[in-house]
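Per-chain residue numbering starts at 1, and chain names A, B, C, D, E, F, G, H, I, J, K and L are given in the order in which the chains are listed.
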Amino acid sequence: MKILVLHGPNLALLGTREPEIYGMLTLEDINREIVDYASELDLDVTCRQSDIEGELVQWIGQARKEYDGIVINPAAYTHTSVALRDAISASGLKTVEIHLSNTHAREEFRHTSLTAAVCVAQIQGFGAAGYRLALKGLADVLRSTDG
Amino acid sequence: MKILVLHGPNLALLGTREPEIYGMLTLEDINREIVDYASELDLDVTCRQSDIEGELVQWIGQARKEYDGIVINPAAYTHTSVALRDAISASGLKTVEIHLSNTHAREEFRHTSLTAAVCVAQIQGFGAAGYRLALKGLADVLRSTDG
Amino acid sequence: MKILVLHGPNLALLGTREPEIYGMLTLEDINREIVDYASELDLDVTCRQSDIEGELVQWIGQARKEYDGIVINPAAYTHTSVALRDAISASGLKTVEIHLSNTHAREEFRHTSLTAAVCVAQIQGFGAAGYRLALKGLADVLRSTDG
Amino acid sequence: MKILVLHGPNLALLGTREPEIYGMLTLEDINREIVDYASELDLDVTCRQSDIEGELVQWIGQARKEYDGIVINPAAYTHTSVALRDAISASGLKTVEIHLSNTHAREEFRHTSLTAAVCVAQIQGFGAAGYRLALKGLADVLRSTDG
Amino acid sequence: MKILVLHGPNLALLGTREPEIYGMLTLEDINREIVDYASELDLDVTCRQSDIEGELVQWIGQARKEYDGIVINPAAYTHTSVALRDAISASGLKTVEIHLSNTHAREEFRHTSLTAAVCVAQIQGFGAAGYRLALKGLADVLRSTDG
Amino acid sequence: MKILVLHGPNLALLGTREPEIYGMLTLEDINREIVDYASELDLDVTCRQSDIEGELVQWIGQARKEYDGIVINPAAYTHTSVALRDAISASGLKTVEIHLSNTHAREEFRHTSLTAAVCVAQIQGFGAAGYRLALKGLADVLRSTDG
Amino acid sequence: MKILVLHGPNLALLGTREPEIYGMLTLEDINREIVDYASELDLDVTCRQSDIEGELVQWIGQARKEYDGIVINPAAYTHTSVALRDAISASGLKTVEIHLSNTHAREEFRHTSLTAAVCVAQIQGFGAAGYRLALKGLADVLRSTDG
Amino acid sequence: MKILVLHGPNLALLGTREPEIYGMLTLEDINREIVDYASELDLDVTCRQSDIEGELVQWIGQARKEYDGIVINPAAYTHTSVALRDAISASGLKTVEIHLSNTHAREEFRHTSLTAAVCVAQIQGFGAAGYRLALKGLADVLRSTDG
Amino acid sequence: MKILVLHGPNLALLGTREPEIYGMLTLEDINREIVDYASELDLDVTCRQSDIEGELVQWIGQARKEYDGIVINPAAYTHTSVALRDAISASGLKTVEIHLSNTHAREEFRHTSLTAAVCVAQIQGFGAAGYRLALKGLADVLRSTDG
Amino acid sequence: MKILVLHGPNLALLGTREPEIYGMLTLEDINREIVDYASELDLDVTCRQSDIEGELVQWIGQARKEYDGIVINPAAYTHTSVALRDAISASGLKTVEIHLSNTHAREEFRHTSLTAAVCVAQIQGFGAAGYRLALKGLADVLRSTDG
Amino acid sequence: MKILVLHGPNLALLGTREPEIYGMLTLEDINREIVDYASELDLDVTCRQSDIEGELVQWIGQARKEYDGIVINPAAYTHTSVALRDAISASGLKTVEIHLSNTHAREEFRHTSLTAAVCVAQIQGFGAAGYRLALKGLADVLRSTDG
Amino acid sequence: MKILVLHGPNLALLGTREPEIYGMLTLEDINREIVDYASELDLDVTCRQSDIEGELVQWIGQARKEYDGIVINPAAYTHTSVALRDAISASGLKTVEIHLSNTHAREEFRHTSLTAAVCVAQIQGFGAAGYRLALKGLADVLRSTDG
């Protein structure tokens, strides 16, 4: 079972800035944790990051043939991107949205998500640990509907 | 480590109605799963359900002395209850909000949460499996900030 | 055919206060009229009143096994209760919403109803007589879809 | 006691289109039912239909001298016509608004009524049977305030 | 100089209903006053009333060839008719909008005017006397820009 | 294949007023072009204009038996008429909405369309040429779904 | 009969700036016209101008003992001053609001008036001539209700 | 003269949590202060607390026969409860609303009060001392209107 | 301890107009009561009234050096004055906002207060007696935080 | 005459996903049809697709020197991209906006277009056939204004 | 070249309160800096401060004859004063708006400016140094458009 | 001291289109001016332009290690990009936002800025000269907080 893990804009800076909000792990640390945990769950994961909305859209568009599901942290694009929403919806892949921080406890424009409506589930506020919960949850969903 | 698991209004009916939305497990089934999984995580959990907003408020108010954290599915009160928000905030307990369905994919009035802003994290869309993810996530949060 | 008639908050005071708005009948008078008229229609009715949102939610949740339909005057909860809406929807019972006064002719916050969307029909402005119309209308709906 | 029954725009098509929403009775069938039921109630009714807002306004303006009350299904004009509202208000006649379907369960622009605020009562969701309930309710109102 | 005076919906009832709001003059009385006062101002006026939005639109469309200006009381259509606005704008005729009552002191939906923006001027709150002021004002405008 | 072409309010004035916006063709010129082009496409068209919302509603209501599709320029009623929307929807006929000007480049109240949601397609901004595109587009739609 | 004529902020500049909007008359010219026309109507008028909201409030507060009515052009304060609204309301004097330009044809924030609701009437768009219409209209109102 | 003092949801926790916001007095301390001060004012008070909206509604409904006035801190229900509003209004008792903190200096959803409109007065921001001011104010109101 | 008492626009008219709303005391009567009651509380008060927003701003700006606290009735400026808000905030003085009437029971634009957020407390609806409560409350606040 | 045809985000997936919405043609099929039809119209077209908003902006910026007009399907960026709007406006090229589906019949956030206001015309709902209509319409516009 | 520098409400307190927000310079210090820097730029400046909206309006009204441009810090009136906007617009003088702090980083009601739309430019967030940038910028604008 | 100057979408076209709005300088001219002026101020600047939101995000993310501050003209992304806002905020670099035109005098959707709240200052309306003011202002800010 293959899962695509996508990190959105500004996440390449993780661990180096604002650790009080985002924790002290770098994106590489997080990806390593994801890969390790995925192998425990018997999942095959690929991790990618882009600051460019359209590049994320492309990757999702191509994912359909290669992956069974997506875990995505759309970061800032959560609140502004109809294109990502359309990409997820068009991909037909079960997708879990994740946020490091609890967006409801931040500025009001972060309280709405354009992408969540086309995902199966959403996890937020657990920091980097949220990726593991998302993988676990997604794996269960895929396996239970798998056959 | 003691966790209080609270189920809000209409959840006593789980498993008997609208299984296509909420799954086929009854609340008792779910509570049994929660208790089992909690013991795996070495957590001590109590599960309670109430249809009455004020009763949930009371339980949260009293939880502070006895529990280390809360997992709550506020159901319909998510969108209307300032009282629950105040209760969670006043309790000082780390709280995880959970929803069985993905509220972003339902009616617009379900897209806002009055309670999420005072919780540490939120999980939705994984059905009954979400409770396990919430327990796991909360345990990690409590243990990492614990000592 | 069994019908549950539910009266929401503040309705226990009927007949004793603001008769120019709500008429001079007490809730007991109204319930007696309901029972009498129901027997004319060959219906078996139970009447209950509660000021507590969650208690109304409970009664609706339990009604499914015992009743064929519901007539409900959600009073103030009409405008604020997602929990009642979910309860009616989850009950699967055909429900008629009734208001003594014409809510459209009152304050603007009374112009919206959270519960009406999950009811089959709504009657308002006829005072206590509205209960009889609601019973008649509900009976017709139930009988025409009955078999 | 004379009652004017007014049907608004598009209602001439009843019974021939979208029977799953509006039922299988034609407007003529409904008018026949209304006339029959009216005579049971000892009421004298006239039924008229118009697609033209201003024509409905005219009929209401002229009704004052001839009729004791109005039952009106303003259909689409419910949501857009200040002119109908002014006409009903100016007529001084007790008026009952009726809708075949439950407007609260349809598009959001159908949730508001410009006309309801100047009517004594409103009935919706009972299909064609609603006209009978409206007549019955209006007759009671007129008789109880009559002398 | 020829002026078209248009009365909108429900104004045929003037003088017979709600005299405390609209005064005791009938539309005929008002038209007689308009004609008399117009001749004092050396104006040639035609007065028409319609309850039908589209008929008012037609009259305005045809007015361009025959009249020099318009005085219009769009009544309820003030707040809802883009068609009247387009008609006035397309006619190219200087138009004065008049209301018997002060719309700002009534319901909030009467505080906006779709038609006023394409008129040269607006008068409201003077009752029937407003028509005379409107004629006088319009005559001055037409004469000062006339040649 | 028979098509009904409907022109809404104020369109009878085309060619005589504001040619910088609406072009220099009269409605008759446009209708002649439509008829000519229709015969090229082997379509049988009828063209009608009305300033009266309810008359347009009537024509649409009656069209179902006689026509295969509708091209409509609802003009000002686009933004205010729920009645036209209901008529189009009830007719069951594939309908194309057309506007001479680009409504998005005009006042904000022209940016919303009540009728477009129940049409299959919409064309705007091409002036009178838009009718030909609409006919061509509608013919293709009807033929591809025809049999 | 004594009338107070009040000119609000920026009106001292009339005739010297933006004559295409406000005309070429200075405030003095306008006041002279007002005084002349008032004597024709047998009215005694005082004209005052202030740029200071509170000074206008004071004058209105003191007017009650000395004047029978007020004509006010609140200019920019029309849209922002609750204080002027309260002053007019507290004065108990019949007041006519006047604007030189048609505020409905200008920026959207000029479409609402806080003061109009407590005035008896409003005139706008006639330029300086509007003051004469306002005086005439006010005189008629005062005389008809006078005794 | 008998006064009912009602404390809303979460107030049972006073003094034990967030003393920087709510002060260090427990609800018992506050009630003792209220009783002492009331006897100075020659008032007879009963103090009650509930987390349940409907229970507060019930107490207000029953208060009419036994009490002369109400002092209520509706806490979180201030912003969401139409039921409390209706209860206060139906009780016919002069009611003073009190808040410990200044709600205007907190989250925006705390800036509106559904209940204040049906109270005679409101006091907020004085902490526990506000209850004494409320009692004093209410006593004066009751005595001045008493006879 | 020195307190500045400020009365905003239109309050100089107290006692002479609309006594049913504002009571029968003149501003002088009220000021006398304030001074008397202040001396009971061992406070030194100065009372000032202005209709001019900027004058109130000035007085508050200068108060910082001379006074220990402010009681202000901003009247109409409550709802429109950012300048007063900034003045109170910049003064650094503990300020209590008071209103004679209950603003929540009046027009909707009176339900919001720009100034309350920077005051420590707010009292409304007690008429002139509110000033005494405000003084008492403010004195307690100042003394409890004083030394 | 050279036309640039631009396809926005997610359109590279056409024909492979959701054929019930977008038809069964791939983007290559559509481009082939466009090229064929263009040569019938004696137009020279270039077709490009990008998922990246900024790349579309670049292409439009460079188009000015090389092309005579643009046909663009901005897809998801229609509703969110001020940058595309500015690009089209700055290019000075006549542009036609096209959508495969009827956006008015989809989610509410698809009902507004940031780009349409700076285009000459808009076509939607005709599926892939819409490109041909857009080319035809644009060619006519360019030729009629050309010389 | 003569420039009028205007300081709005509460700015007389600069340097004495909230230095963390507004810096430690008094208004006199700032004015001295302005005058010094102006002479470097060969400008002749006059500095004035008022807390009174109408006084600022007057000064701007009179500035037209004497000054070549205006630098204004409207402070709190930025967000509420249509009168200042009208004054700047009527003056016909090129005006630069300046704010000491970055209003976008403060309360939401400070994010809108009524005055900015009629100014040529706006500078905010540079503290007192902003006045120098404003003078420099304005001088360049005036000189480049000067002759 | 090193400064990064970023130009957003469509700015590569400067000087070639719409010179009446944006001036006649090309982006190269402006960059040359910036570099020259920067050397006067003893600053080391790098200028970059991108039409791609994500590329700007990347550059800001990398700027932290190399630059002391940023001057950015986000152009169209000002109003839509949460990603740019997050990038600026995460960079921890003092940033000045600049716009060539006065956005407040343009379409309403340009009146809000998502990015300004995380910048220290904002300058708009001075055309290309604004970059020099921004550099000067930023240099002063950096130097005053520097050591």
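To be clear about the criterion, a residue touches a chain if its C-beta (ideal position, glycine included) is under 8 Å from a C-beta of that chain, and two chains touch if they have at least 3 such contacts.
It should be emphasised that the depicted structure is a prediction, and the values quoted were computed from it without experimental measurement.
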### Task
Identify the chains in contact with subunit D as well as subunit E, in label order.
F
### Query
What is the set of chains touching both subunit E and subunit G?
none
### Query
Repeat of D-E among C-H, A-B or E-G, where over half of the residue-numbered contact pairs coincide, is which pair?
C-H
### Query
What whole-Å value do you get for the distance between subunit D and subunit L if each is reduced to the mean of its CA atoms?
63
### Separation of mean Cα positions, subunit F and subunit E [Å, integer]
31
### Centre distance in Å when subunit G and subunit J are each reduced to the mean of their C-alpha atoms
54
### Query
Residues of subunit D touching 2+ other chains?
52-55, 80
### Query
Tell me, which pairs of chains are in touch?
A-B, A-J, A-L, B-C, B-H, C-D, C-H, D-E, D-F, E-F, E-G, F-J, G-I, G-K, H-I, I-K, J-L, K-L
### Summary
Listed in rising order, subunit E residues that touch subunit D in their complex are 8-10, 12-13, 17-18, 50-55, 75-77, 79-80, 109-110
### Task
Under the touch definition given earlier, write down the residues of subunit K that touch subunit L in their complex.
96, 102, 104-105, 111-113, 116-126, 129-130, 133, 136-137, 140-141
### Message
Under the stated contact criterion, what part of subunit E meets subunit F in this complex?
### Response
52-55, 57-58, 61, 64, 80-83, 85-87, 90-92, 114
